[in-house]
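Both of the next two complexes hold chain A, though its partner changes from chain B to chain C.
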Partner chain A sequence: MPEAILDPTGGQRTASAGTAVLTRERARLDGATIGLLSNTKQNAALFLDELGRLLVSRHGVAAVKPVVKKSFALPVPDDQLAELKDSCDAVITGVGDCGSCSASAVADGVAFERNGVPAAVICSDAFVVTADAMAELRDAKGYHYAKTAHPVAVLNPDEVRKRAEDVLPEIVNILTKP
Partner chain B sequence: MTDPGAAQEAIEYCYEQDWTDGLPVVPASRSLVDKFLAHTSRAPEEVIGRIEQVGRDCTVELAAINAAMAGCKPEYFPVVLAAFEAVMSDRAARGGGWQSTSGPAPLIVVNGPVRAELGFNSTGGVFGPGFRPNATVARAIGLIVRNAFGVRPHVLEQATQGLPGRWSICIAENEEESPWKPLSVECGLDEGTSAVSAMLLRTCEYVDNRHTQDPGQVLTDIADTMARTGAVIFREAPCGLVLGPEHAQMLAKEGFSKADVQAWLVEHVGRRRGDLRRAGKNGLTENGVRHAADSPADDEVFDRFLPDPARLPIVVAGARNAAMSMVVRVFGLWSGKAVPVGGKA
Partner chain C sequence: MIDPNGLEAMRKTLAADGYALDVSVVDGRVDVRISVADPEACEDCLAPEPIMRGILHKSLKVPEQAIDLTYPPGSVHD
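Coming up: the complex of A and B.
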C-alpha cells in the first residue's frame, strides 16, 4: 500500500471572493475628522499631511489626526486602531511602498472597514501583487485601494505634494462612495 | 531498490503543488516524518512560530514535513528546531523580513558536539556547498517560510534581487582552530552545549588579505569592506564577521581578544560625511533613515556605522589554508541569542 505524500503547508487557505468588506455607511467629509496613519516610510507622513491639507481646504474636513504606525510591517496594533476608531470618522493610511508595508497597509484598510471606519489605503504600483495577495489572506479579494507610481521615497517635497493632489479624487471616492 | 520512475513521479507531484524552492524535494510520507518526530519530545501540534501579518503558524509537524522535504536526515531535526527558534528570535524574521525587497537570507551558526556527531562542515568551503547537514538545515528553514508561512516569491515575498545562497547559508564554527570562545558561549551558554544562532543577512563579502602580519592592517582592510556606502541605508549598518582561522589566529597571537576586535571595528568602521554626501546618503531623518542633503559644511565629520560591540557577532570558520575572512551584512540587528539543540541549556 503506497503512502500518501504529506502536505507541507498545513492545508491551503481558500479565499472567499468578493466578501463584503466595506463599512456600509461611507464617510461624510464635511465637518469630519480624518485619521492619517503613516507608516514611517520615507515621504509617507508628508504625503498624508498633504492629503489632509487638501481635504480640509477643498472638502470641508474639520480636522486631521496624524498618527505614526509603530511597525510598518505588522498590522496596526489594537490600541492605535481603537484610538483612531474613537476619534476619527475615516482613516487614510500608507504609503505602501515596500515588500511588507504595502501588504500591511491593505490589511489595515480591511481592519478599519471591518471595525466600521471607512478607510483609504495608498500603495505604490510596484507592490500591487503583494497588496492583492494580502487582501485575499484577509478574505477581502478584490479590495480596492488607491495607487500611486513607484517610487515614492526618493521624491522631493514638491513632487510628493503633486502625488497627493493626483490621488486625492480616488481617496475621496473610496472614503465616500459605497 | 525503489522504482526511479515512482520517485520521479512523486518529485514532480511536489513541483505541481508549488511546494519546492526550485530544486527537487524529498516527497514526505507519514513514516518518514514520524522518524523526525521521534527525535523530539515536543508534540507535533505545538506551534513553534507565527507570522502575525499573514496569519500563519508553523507547528512541529509542519517543520518536520518541510525538513524531510529539504533532504534532512531525521536526526538533524533537533538542529532544525533550534535553528528555526534562533531565526524566529530575530525581530525582522517575525516582522516583514521574509516579505522585504531586501530578500534577506538567514545565516545559521552551529556550535558544540552536534557538529561532529552529525557531520556539519566547519572547515574548508564552510559556506558550501557539499555537506548535507549544512545544506539541508538551511534549506528546511526556507521551505518552512515558503510552505508553512505561505511567503512565496513574487507574491508575499517581494525581493528585488534576492541574494546568492538564500536558504543555503549554514556554517559550523571551527571551534578547534579558533583562539577564542565559541559564539554560543558568548551568547551565554555553557561550553560543550550544542547550540544554534542565527541572523539575517543582506549578503556576504570576502576580505582576502594574505599580505601582512600586522593586525591593524588586516582590521583596516576588513573595516573598509564594512564601511562601503552601498550597504548603508540607515544611521547604522550592522555587520558580522566570519573570520578565517588564519586571520583569527594572527589577531590572537598579536594579543587581540574577540572583544578587542569588536571594539576596534566599532571605533573604525564608518565614513566621512563628504563620502556619504557624494553617495547621496549624508542626511538623516528622525527615524534614522539616510537621504541626500545639501550640507557640505560637515564633510569632515566621521559617521560610525556599527552599533555597540555586543551586536557585532564574530565567528571563526573555514580552513586554515589562506588568510581570508567574510564580512556578513546583517539585516536588522543580531538578536545575540543562541538556542540549545534539544532545548536543554
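Coming up: the complex of A and C.
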C-alpha cells in the first residue's frame, strides 16, 4: 500500500514502496564515515574507492570504511551488515554489473535502509531488469539506485575514475535527500 | 500469458551475461530454459534459483509456482 505524503502546496502525492523503505533521516556527509561495500566484481573496489576519495575531498566526509562482500551473487551476510551499521553513517555498494550481483546489490541497499542506514547502490544499465525485480521482491518497488553504463569490468582505471566522477552527484543525492 | 516486454528485457539482461533464454508455455506450465550463449559466460552471474525464480515471476508476470526453471547443464545452479 503506497504511503501518502502531505504536500505543503495542499495536494497529496504518493510515495512508491521504494521511497517508503528509505531511512527517514538521511545522511549528513560532513564529518561522516561512509562504508564502501564492494562486491569483488572487476573494478568495483576501484569505483567505490574513487567515490570515497571524492566524498572526502569535496563533501567533507571524515573517513571511509572499505569492506569486501563475501559473495557478489548473494545478499550481504548479517555480520557484514551489522559491522557497517555499527561503524558507518551511510553505505555505498556495488557495482551491480551482472544479473546476480545487481539483484543482490539492490537487496543490500534495501536491507541497509531498513536497518536505519542510508545507502546508495550502483548498478550498470544492462541489469535494471534484475535490479528492479529484486526491489519489487523486497517490497520496495521503485527503489532508486544509481546507474552507470555496462560494462564496468573492462574499463581501465582512468575510465573507472571518470565513471565515479559522473555518478557522484546522484550518489550524494541518494544518501542525503529524502 | 507471458509479458512480451518483460520477456524481451530478460533476454537482453541474460545476454549481457552471456546466456540465452528460451521460454515456452505448455499446459499452463512456463518452461524457462537458460543456456550458455558465450563460452566465457560467468557462472556466478546467474542468480541462484530462488532469486531467479522471483525475478522471472516479476519480469514475465507469471506465477512463481508455474515456472519450471532449467539452468545450463553442469552449471553450479543445475
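Following the convention adopted for this analysis, the second predicted complex is superposed on the first by the 159 of 178 C-alpha atoms of A that agree within 3 Å, B and C clash if a C-alpha of one lies under 4 Å from a C-alpha of the other, contacts with A are read in each partner's own complex, and residues count from 1 in each chain.
Keep in mind that, in the parts below, a contact is a pair of C-beta atoms (placed from the backbone, for glycine too) under 8 Å apart; a residue touches a chain by one contact, two chains touch by 3 or more.
These numbers come from a predicted model, not from an experiment.
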Superposition-derived comparison: chain B or chain C, residues of chain A touched: B
Partner chain in contact with A:H150 - chain B first, chain C second, else both or neither: second
Which of chain B and chain C A:A103 touches, first, second, both or neither: both
Touching partner for A:F72 - first (chain B), second (chain C), both, neither: both
Which superposed partner A:Q42 touches (first chain B, second chain C, both, neither): first
Contacts of A:V61 with chain B and chain C, given as first, second, both or neither: neither
Which of chain B and chain C A:M134 touches, first, second, both or neither: both
Residues of chain A contacting chain B in one complex and chain C in the other: 71-74, 98-101, 103-104, 127, 129-130, 133-134, 137
Of chain A, residues touching chain B in the complex: 3-10, 13, 40, 42, 71-75, 98-104, 107, 127, 129-130, 133-134, 137
Touching residues on chain A, where the partner in the complex is chain C: 71-74, 98-101, 103-104, 126-127, 129-130, 132-134, 136-137, 150-151
Chain A partner contacts - residues on chain C that touch it in the complex: 6, 9-10, 12-14, 16-17, 42, 44-48, 51, 54-55, 58-59
Of chain B, residues touching chain A in the complex: 10, 13-14, 17, 19, 27-31, 33, 52-57, 59, 62, 65-66, 69, 95-97, 99-102, 143, 147-148, 150, 154-159, 285, 287, 289, 291
